[in-house]
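Following this line, the structures themselves.
Common to both upcoming complexes is chain A, partnered first by chain B, then by chain C.
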Partner chain A sequence: MATSTLPPRTRARTKPTGRAPGPAGDLRRPRRRITPMNLTLVLFVVPSVLLLLLLNAYPLGFGLNQSVRDGSLLDDGQFVGLANYTDALTSTAFWEAARFTLIFTVVGVFGSWIVGLGLALLLRTRTPARGLFKVLLLLPWVVPIVVSSTAWNWLVATPSSPVPQLFDALGWGTPLFLADPTLAAITVCIFKVWVSFPFMMMMSASALASVDPVVYEAARMDGASPRQQFTQITLPLVARSTYISWILMTIFCVNDFPTIYLLTGGGPVNATTSLVVLAYRSVFQNFETGSGVAIAFLMTAVLVAVSVVLYRQIRKVDTA
Partner chain B sequence: MNSIESVSRFQMSRRGFLGALGAAAVIPLLAACSPGGVAGGGGGAGGGGGAGTIKFWDMPWGQANYSRAGKDLIASYKPAAGLGAASYQSIQWNNYYQTFSSAIASNTGPAVSSGSGFQAFQFAEAGKIAYADRVVDALKKSGSYDDFLPGVFDALRTSQGQVAIPWQMDLRVLWYRKSLLEKAGVDVPTDWASFLSAGKALKKIGVVGFATGAGSGFNLGGHAIVSMMINNGGGMFDTEGNPDLVTDRNIETLEFFNEMVSEGIIDPAAVSYTSENLLTQWKDRKAGMGINTPGWNASVGDTENDVLVGEPLVSPNGTKGSLYYVNNLMMYTASPNQEASEAFLEWYVDNMKTYWQQKVITAIPVRRSIADLPEFQENAQNVKIVDVWQPISQTYSARSTSSFGALAAVDGGQGMQTFSQTVLAGKSNPKQTLTTFQAAIESLMKKKS
Partner chain C sequence: MSASVTLPARSGAQPALARPSRAPEEKGKWWRFALLIVLTALTLIPIAVVIGLSLQPSAASTTTDPITLENFATVLTETSVLVWLRNSLVVTLATVLVSVLVAAPAGYVLSRGRGRVVSGYSLLLFVIQSLPVIVSVVPLFILFAGFGLSDSLFGITLVYVGSTIAVATWMMAAYIDSIPIALEEAAWIDGASVFGGFVRIILRNSLPGILSTAIFAFLLAWNDYLVALVFLRSELSFTLPVGVQSFVQQNMTDWGSIMAVSVIMMIPPILLFATLNRYFSVGGIGGSLAGR
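Take a look at the complex of A and B:
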């Protein structure tokens, strides 16, 4: 019997395609048979597949199941269809939380990016003790959030805290940074920028490091101003890295629980309640797991959509 | 036939293989998720504990050496013949409800445990609590029942039965700093009018008259408001246990809070105060009065007998009252031996005085004999709380006499935090604020029913 030495996959590709279709116009690919070799390979993959199923698919499926039930932490409850989703989407609390999440994310992403990029550009210049500055500037990112939120609370919480006292000394009164709804929202956003800018700084610094200095030299010789160099050279060349950092920071901001909860708990009067805080409260304070998980899935859907949009931007950059 | 040929005959389609693979993956998952999937019943200690051992879970209710005292106490338990011994497990307060819930749901929870005010009600509604009526009968028979302070058993009774046995109490009482009141030139207040006057006088010397907080993870502000509502003859529920917030008494209470805020008696930043912020305020002698928990003088670090418990205020309607929680000991249905659980619980409530004798706990006892211990009598503030405050205190479900599981979500939930922050901000319309809060509670209770 004549046998081919080619592996099955190659053989399938080299089959003549001029075969006449069957009675039903059968153009389907022939069923592949699992050979001992393929079986062995697949069996090697099985543990990883099972692990992935256990770590990802099972919790996801379990969560989806929770989101269509009216259960608690103790029991699964009754099937309620999409009621938890519709309840969330028609509640004022959800949209107020979504609004704050949007503000928090936009300020968090672009605020930290502007500060981070600015510092990264600054650190490219010949600055004395540049290494020391780099380490010091990384501290907000490195210090545990519990520690930094406690420090910020000490700085701003009471009228006798250092920052309100400073404002008082300057004749600006003693603002209630965490007790006034507007000021609390601003404080939380600034805290987020402070915590996040080192990450953006690192991302920007690594992108800037890959830009050839010769490009700037050529631009200068062509008479480009510093502003033109920044907008026409720096920004386009670090665009890929920028979009990636925006995607990551968007995910960090939308999912950020400790920054908000440790500083304000979502208050005062829900002024700083984000979607993730709302979901936490639903599950662990109101003991309504279905509502909380439904909110979490809605957040995930939005995050995926935002990520897709930003990834498309990256592709555009790549093909440009 | 050679071996290669024999292997090549064992062929299946890719789809078939994936199907078999999926089935193989699902079987252990289904086995793990099925109600009976977890081997070994709950309540009994695993490992070397023995099948009939009663697992007792306890939170750290007192000082650092509390858990050691608890372990020693349980080790001294000598069960009657045929009944299992007991084991001790300390459960941290952080996420304790999740710890209990997941353990009970997976049938690996305790047989008996201590717990916070509403825990037993929550688990009872889920069918996980073994009612303690037989223990109550046994305590009546032995005479121990009459040693408990009035009302504490009633606070843990539902139409289904006794959900738990009282273990100790957590009250909200009025504290004041004597030296600051003297400096302000005012007497210790006895009613709302004198309280307002004292607050104004304290304000003049730069001291907060009503120190409280409603910041992140801190619900004292809500407790203080509910305490004052109860003090004024109001409360959150009617006698049938239905939400009933929009009443004249409650509106009057919130108007009183509005006045305190507008007069500067309540710190405008209290809305965002955490427990640490409040403690600092008291330690820095910036707080003159406030509703707080038993043992607050110790927390503040008062060694000069300067932070003292005041008298319950008399409201404009002539009523007195405050809020209290009866923390309790409960039994679970997943016990290896219900008779053994009951025997252990009966023994435990007759021997728990050791915590107060060893001074590892500052909580207020539920038994007169413990309150009469010389070790407890040394603390004049705690004695005053037992003698003066406990008799006039009511539970969170006031004006109803029985509690229910949804109270846990009301107490720690988003609605209460929003309510307390709105009130402490002092710019609210009382009727509107109460209406909003009532709607939030109704929604919560509707989902729980």
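Take a look at the complex of A and C:
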């Protein structure tokens, strides 16, 4: 990728070691054999590569093999070709889960981005106790989901919970936030935004901090309104970091298991079953490892495609 | 808005005096402050609920105090919460230690090295990060079961290390990017080896990067639910997430006790963040993700 763009750094690779700063010939004629520098660098990545092979590459290969078999956790099963994939693609459960995953991801990414960016903008101005606000607003992301889902459950689950009671007092009835399919989907999405906005707030804050205030000075002198400053300076200047945060949050949302599973368990009547929850159920409740892993792979394929599109977008921003 | 305009004329030659921390707009300060208070209060309601309920006497309690630590006494004596806490601490600290030890040198290579192999390695990390945990959990569960590691803390520590490596390496690389290479070159000329330069120059100067990576690994291992749910089967090997969740399912209505174990579970990450949050930055992740 960036092979020749950073000349000063390439010196680190061709330079032998500092112990005996090589003659100029060394730099002009890069040697093929492994220099001490390269050997050390290779040793530096060995532990990481070994762990990646054992903990990521091996499971990936193993999983691909499982996805074309009809085995369970205890049994390898028979080779069934692409049956697990075609079964998944022709089942309504899969497409319903895909639909919910899409909604969950879109709301999760843009909801947490808007809230996070808004709060980052608010926190950019000087206010009393700014540091305290920053820490307090990070808490939803720091507190374990096991804990926060319990609290949300207490707040909304039954008709006698505080939030339905509040709705009742306002004359809106006592909605069943986790028992009504539509409301449960909405509640899970709001919960996800609550959990994730601090991450987006941190991403936005560090992007905003990198914008030189002089730019705003200049814009004000030219008579730009605050709205124009936001849409024409802030947003374009943080565009790159925004795309990156969208990619990361898309990955987090699609792969999310606990936020959904701990609040609703995927119910009521599968209304909040995402693809990951569906895959988990196939493997650990229906003991159909092959179909569960096939669902996860289909999902990953789409996820990687979306990431690549967004990644290209970053390149465009970079060259613009 | 007016801050830098009213600067004395002599500093007019240094517009950079308007530092990033200075507000670009100072108008409407009070409503911003009020809005912040309201939004923060709304955000914190669920967390306040946990703390509030944990301090309330249970229905069976005889105490007349409005606030009591009885729930904590109950869960500490009658449940295995202390064992779960110990298990969580062991697993989390081991994950943090191994992640940093593995990611720091790998991040160094990612930051300083250039070329096809390094780009390929970076891309590999990206692909791995996109894979859902469930894809690797099932094969690893079957593999580890063969070695008797399925219901063990060692087994889940390994899985956590595997899922932190990619991001941890990016975070270290992003931080090392900010250390000028001239420092190492000076050390090399003074006779240091590559390894010596890495230890004496890079590691010494990357405490914020290391802490950032450590906090990330801590949160991932401490808060994980899925891996622990799949791997841990016996109550004495539970970590807090599965322990607390099983306790919640067995004591559906005993909210005081439920919230007391919840408080015990959320104290360590909150303490960590309250003390070290200024070191934690996720901004670097993106830069190193898309920068090469």
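By our rule, the second predicted complex is superposed on the first by the 268 of 320 C-alpha atoms of A that agree within 3 Å, B and C clash if a C-alpha of one lies under 4 Å from a C-alpha of the other, contacts with A are read in each partner's own complex, and residues count from 1 in each chain.
What we mean here is this: a contact is a pair of C-beta atoms (placed from the backbone, for glycine too) under 8 Å apart; a residue touches a chain by one contact, two chains touch by 3 or more.
Since the model is a prediction, treat every value here as computed from it, not as a measurement.
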Just checking: does A:Asn270 make contact with chain B only, chain C only, both, or neither of them? Give me first, second, both or neither.
first
Check whether A:Leu262 is in contact with chain B, with chain C, with both or with neither, and answer first, second, both or neither.
both
Would you sort A:Asp75 into first (chain B), second (chain C), both or neither based on which partner it touches?
first
Looking at chain A, does chain C or chain B touch more of its residues?
C
Where does A:Glu288 make contact in the superposed view: on chain B (first), on chain C (second), on both, or on neither?
first
Using the superposition on chain A described above, determine whether A:Ala279 touches chain B (first), chain C (second), both, or neither.
second
For A:Ala179, using the defined touch cut-off, is the partner it touches chain B, chain C, both, or neither? Pick first, second, both or neither.
first
Chain B versus chain C as contact partner of A:Gln313, first or second or both or neither:
neither
After the superposition on A, what does A:Tyr216 contact: first (chain B), second (chain C), both or neither?
second
Set intersection of chain A contacts, chain C complex versus chain B complex
36, 49, 54, 58, 73, 150, 261-262, 284
Residue numbers on chain B that touch chain A, as the complex places them
7-8, 11-15, 17, 21, 25, 29, 95, 97-98, 101-102, 104-105, 122-123, 126, 128, 214-218, 267-274, 276-277, 280-281, 284, 286, 408-409, 412-414, 417-418, 421-422, 425, 444, 447-448
Contact residues on chain A for chain C in the complex?
1-3, 6, 8-13, 15, 17-19, 21, 36-37, 40-41, 43-45, 47-49, 51-52, 54-56, 58-60, 62-63, 66, 73, 119, 122-128, 133-140, 142-148, 150-152, 154-155, 194, 199, 202-203, 205-207, 209-214, 216-217, 220, 226, 229, 240-241, 243-245, 247-248, 251, 254-255, 257-258, 261-262, 276, 279-280, 283-284, 289, 292-293, 296-297, 299-300, 303-304, 307, 311, 314
Per the contact definition, I'd like the list of chain C residues that touch chain A in the complex.
1, 4, 15-16, 18-26, 29, 32-33, 35-36, 39-40, 43-47, 49-50, 53, 101-103, 105-106, 108-109, 112-116, 119, 121-122, 124-143, 158-159, 161-163, 165, 169, 181, 184-185, 187-195, 197-198, 219, 222-223, 225-226, 230, 240-241, 244-245, 248, 255, 258-259, 262, 265-266, 269-270, 273-274, 277, 280-287, 289-292
Could you list, by residue number, the parts of chain A that touch chain B in their complex?
31-36, 39, 42, 46, 49-50, 53-54, 58, 70, 72-75, 93, 150, 153, 157-160, 176, 178-179, 184, 261-270, 278, 281-282, 284-288
